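We just call them A, B and C in the order they show up, numbering each chain from 1.
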């Protein structure tokens, strides 16, 4: 029983962290129409940033500044924001495919850099020497994990409220206006490039927050945690939840993470031994099918918004 | 009067379903004549000409050309029906040379070489520019090239969307005179114009559109200086609601 | 240095072939097609299958051509692979891209292409296995072009470069001399005007997919010949190919051809100053450099 509960706590923690990243993507894609092909780079910048700033000094890689945890987490978010600023400034004034390619490229380069730059990130061995906050007081047991889950849920709720307020504000209406009809938005004297840049950076900072929490939870991050797979999973979560819909994004995160872990468990349990090396391939085919299938048959997601804004800008019920 | 070559009957349609720009527009054009459509901005002039070319969906009504039904034809089949269309902007391929633009337009011609020399005889200004990129031509030359490309398919009906837009008064005059000259071979011209006085002097017949509906039509010469024309432009006053 | 340049040119020829088809599709259908590089894998693997069939059915085909490891069987297999890959590209368009396009949701096309790439790449892994394969088990020794400085090149690589250059020349002649070539360029520049000029867009879309697929198949086989065949060919080449289209300017066919060579050379020359572990990052650095210096590429025009 305790085993099941502690597994549920573990599962909910990871799913909630991913849900925060999906909310960040929803601001970029769902609300502003910005394609981010490298979610994992901004997630990773948050994770690496937090652990480097908050960890203890290490002989073989940089970092270990031993900052107090809230500052370290904030630093991770800033790192993600900086990365987004560089990519955004260069590409957001161009046609949308440049952003898609550049963000995909930044994720490849980020993983590559973390794997090779041992002086910076510990290379393939990853970052060590990070102590989870308040571990001395709370220990390593179930109580710690439960309290950490509460902390993550609090941040998930805060992110959700923040985005709901943002989307309902005049700025949010501006985002939708740009997404629906850029020329019209421009003619109103608004600068779509600047507004898109703000949305892109904000979304990436939220992904950085998720990454920072992920790194904190495991007290470790390595290049294995910043593979493109994570980007695909986060997309699938958003598409299943319904782009533009924050509540759907959270539900999509839980649904896809449950399906992913269940399929992984099922394959390792029931697939014949000689098929085990293909388990990953089967999971990728499944996630590809989810993405393509949703776009073809249910582009509005499983949990569509109550108010759907159509391409021509007319509200329908 | 003989039967019209082009007959547009009660056409309703637009770019987006459920959002018609044209509301039951009718018009005719006669063989070898110049018909001009004028009207204030947003009247649906360009939309009407695109609907004839098959570029805008016609939801209701019908269009016939030389007795054949051409409602919602595929735009790439226009030439098969003897129709050519000169768009207002972006009407030449800038990255191709003038010769390549013309070769593309002439590719279904039985004798492309003869076709090319015919076109160059009609538009001598293009002869010295053959090997230049079409993107480097002046506004007037571009318009000549666009018209030449339209004529490459030897059409019997040429649709022109504001051929004088953005041209100097002299170049505009040349382009419009060129259009007039085409009618001597029996070609029918239908053009949309902003330049009302120039267009009325040139055309045989004129339709005035506003808010996607017919307002008035008549002999072009009679409409020059007609106060109601000015009223439609200035006040948007509707003479015959709905038409 | 010269060895790096030589290798760069060889890789560049492969990237050029891959980027040409990609740039046409991207320009015409207005989306970044992340599944294009998977067409290289499809080409490489279908050539592997046909090669094995020809060799076992007609042993006479299995003899090597001159000093090459390439056999007549592989040559024929390559041509068939081009057809199969072109047909697959058309099929993917029918099944996925056209349907998303018709829903009017152009921005979702790039998602669809990513999903499709995942499916293709991992299905290939499931069918053919995850380990690497080779067209020929024979070891072909590199020819020493010069001893000081030491320059090595494999006969296969030279043949690859030669065929690629012939294809590029044929492409150039088609684009600059024939009505078909003008039509391709016209559609790339302005699809609506092309339609008004009597070009059937649906047919042209199919043609561009077939052409892009065929060129990608060639690139895939050449890559397999000079490296090895793995299900991750697409994953490894997608970024360099995109970099080539951006260097040349998206939509410019000549730009893509030249861009391929530039990316190939730059990636190999970068290894003179960067440790080899960083080579996957080089295409991204090239993209950054282009966006900073000349955002629309060598031949591209600003587009909206």
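Some observations on this one:
Definition applied: a contact is a pair of C-beta atoms (placed from the backbone, for glycine too) under 8 Å apart; a residue touches a chain by one contact, two chains touch by 3 or more.
What you see is a predicted model; the values in this text were computed from it and never measured.
Here the chain at the heart of the shown protein, by mean C-alpha position, is C. Distance between Cα centroids is largest for the pairing of chain B with A. Once the centre of each chain is set as its mean CA position, chain B and chain C turn out to be 43 Å apart.
As a whole-number value, the distance joining the C-alpha centres of chain A and chain C reads 32 Å. Inter-chain centre distance (chain A to chain B, centres taken as mean C-alpha positions): 53 Å.
Chain contacts: chain B has no residue touching two or more partner chains. Chain contact summary for the complex, chain B toward chain C: residues 53, 55, 74-79, 85, 87, 90-96, 100-101, 103-105, 107-108, 149, 153. The touching residues of chain C, when paired with chain B in their complex, are 179, 182-183, 185-186, 189-190, 192-201. Chain contact summary for the complex, chain C toward chain A: residues 26, 30-32, 34, 96, 99-100, 103-105, 107-108, 110-112, 114-119, 121-123, 125-126, 130, 238-239, 242-243, 246, 250, 275, 277-278, 280-281, 283-285, 287-288, 291-292, 295, 303-304.
For chain A in complex with chain C, the residues that touch the partner chain are 33, 35, 37, 90-91, 93-98, 100-102, 104-106, 108-109, 112-113, 115-116, 232, 235, 239, 277-278, 280-282, 284-285, 287-292, 295-296, 299, 311.
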